[in-house]
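Look for chain A in each of the two complexes below; its partner is chain B in the first and chain C in the second.
The block that comes next holds the complex of A and B.
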């Protein structure tokens, strides 16, 4: 072995999207309706993918990042006012 | 105990989006709340398990915590070494051994017990999804009675190991149980554990949609039902003295518990259960409560 063998540390750095655009895994899509929202933040709290962000705007209290949302549907299940609908993908 | 307000929790992302966790993963939730509780002042020691997969492919990692991936049985021994080194260097961080139920109760039991006996300054978090999910749903010693796995086709015939009680018997400074459905309770317990010197053990109940065979949207609902039916008891213990946590307190009274079938029927893994098995589980719940209340 020559002395020029490059030493590479097996280190990984934090990065978004290590598994690619996981939004393509989705079979059902959560759709948010601002008029029913009571701003309880439960969807944000229970989103395992951290794709829900609280923006607190006039037109929307939360935004969902569909690039990475895997469509598990926890947000729609925990929502007390059913402000998040689950729609089959591709409709 | 003061209950945290959701509005006070940090909105930063600790488990980055686009990770390799399955949809509806409870372990991803556990990691998210871990970040909310302790910021990124955390050194994670991860043995083989779902958490090694969730990190994703190098050179990227979905964890924002300093993470060390170690062989299966060694997590607590490595964490103990890191904690000792951290003291020498004077670094202000919390060392956490983050293992699944296999890495805690089966393969990692020896080093876990050793670290507890030496009272090493670490937190061990057992993310209990009640089987070896990452390798294809094989039974572990924390799989409950009657549950289907790929190695117990007709339902498991043995009981679930009472791991929190085993850790209680080690007389460590802090032992607690938590559930992903009660993040404020879990976060509070993590913060308390981080402030105590010595060995801390937290057992996190994490319903896995893939292995337990339920719709991924019900992850939180199933976790909540486990507490409401009394199947999973939230408590914390300082130096062996047990206090039942606020969310579990109503269910000390048997009448206030929901029928256990509500919890079982949501999960396909219990489909092989007969009515007498359900009776047996009900008895097990009563026994678990009776045993635990003796330590209060």
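The block that comes next holds the complex of A and C.
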């Protein structure tokens, strides 16, 4: 009997981009200004998609992965020095 | 082994205790509340090693035990009526994830207007969720079937959750003698829990994400459909195993009462099947009518083969529904008509809608309906009406 049992289960292992490049959903884009950044890491902490990476370079403290950033604006909202602008996509 | 005087609700609580559930969550609703009250008492006294999760709603209650079950624990919840309606979305999640889980439903009328009495509308509304759906006739059956349901749902051929329905007050709050087998007996019957996968920390696994391949998504639905079909044999086998252990068997998906020589049949689910037995006995002894009773124990999976087998030489059938799909007919009737027709049977089948909203139905009411309706069939070969609302008294 058991050999005819073959469950089809709705399971997945987590991996990058499992649902495709969700950055195409974005209508507004976060733009980072390194000169205003005080390296508090709040944007990194609050990003719901984990697309902000701390690179700590001279020209940029963070990078944003636009392949998966959906443009929710939380990073811009929590930034205490307004170092992340939210601009309409396509401008 | 000990026979205890127990309400249907306490019988349900005893079943969860004997199954050694590890997690219980529920939100209070009449007539379910005393099930979890009793379980809370068992836990408080140290008689059951389990955690109770206090939740803010039935939606959360099922979500909580679902999480526990996905994490590998045998878990239990109970609800009814509007609570079950609020829980409805989560029923789809549990069945769709194929996590075994058992629930007792104390069936109660849906409002408006507010009404606490029995009616099968809440249970029937869960028809398409993928859960196994069983209706109990008496309190012993509530206990027995809940224990068996753990075993059936945790069988690898099934891996689906299951509901045992008991009628509000008629079972939930009425005391009957119930045999509760010793813990060692149940332990020998119920093996350690099995399930298709276990969610645990450190093992990255997501359930239910947006599918890339819709064909696979549809295959998941078909797999639930097939698992329901496979469950039929498992239910029968578990019923036989229970019989060897306790001396009690119920016929698997269906029991046919006094069917061997029957000409005319009646069918129903739930507690009023007991009144139907009485009616069948009296119709035979006092009216000389050879009537048989189809007690449909499992509504999902639906026992279409057995029903068609019993009805192969029947002259007529009356299906009693305690709920209705407005704009169509009673849900039990619809399934019976569909599957007997597919099996090539062409007997007259009538739907009697009675006892909705808890209106009392006595064995005399059932006798009156059968006498009138079978009289029509004997006279003209068919029924005068195929869907009839019956409020009691003369039919």
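Things to note:
Here is the rule we go by: the second predicted complex is superposed on the first by the 80 of 91 C-alpha atoms of A that agree within 3 Å, B and C clash if a C-alpha of one lies under 4 Å from a C-alpha of the other, contacts with A are read in each partner's own complex, and residues count from 1 in each chain.
Criterion: a contact is a pair of C-beta atoms (placed from the backbone, for glycine too) under 8 Å apart; a residue touches a chain by one contact, two chains touch by 3 or more.
This structure is a prediction, so every number in the text was calculated from the model and none was measured.
Considering which of chain B and chain C touches more of chain A, the answer is B.
When the shared chain is aligned, chain B comes close enough to touch A:70, but chain C does not.
When the two complexes are overlaid on their common chain A, residue A:50 makes contact with chain B while staying clear of chain C.
When the two structures are aligned on the shared chain, A:18 is found in touch with chain B and with chain C. In the superposition on chain A, A:78 makes contact with chain B only, not with chain C.
Looking at the shared chain after the overlay, A:9 reaches chain C, while chain B stays out of its contact range. Residue overlap on chain A between the chain B contacts of one complex and the chain C contacts of the other covers 10-14, 18-20.
For chain B in complex with chain A, the residues that touch the partner chain are 6-7, 9, 11, 13-26, 28-29, 32, 55-64, 183, 209, 215-221. Against chain B, the residues of chain A that register as touching in their complex are 10-22, 25-26, 40-42, 44-46, 48-51, 53-54, 65, 67-68, 70-74, 76-78, 86. Chain A contributes residues 1-2, 5-14, 18-20 to its touches with chain C in the complex. Residue ranges of chain C in contact with chain A, taken from their complex: 96-98, 156-157, 159, 196-197, 204-212, 216-217, 219-220, 222-223, 227, 230, 233.
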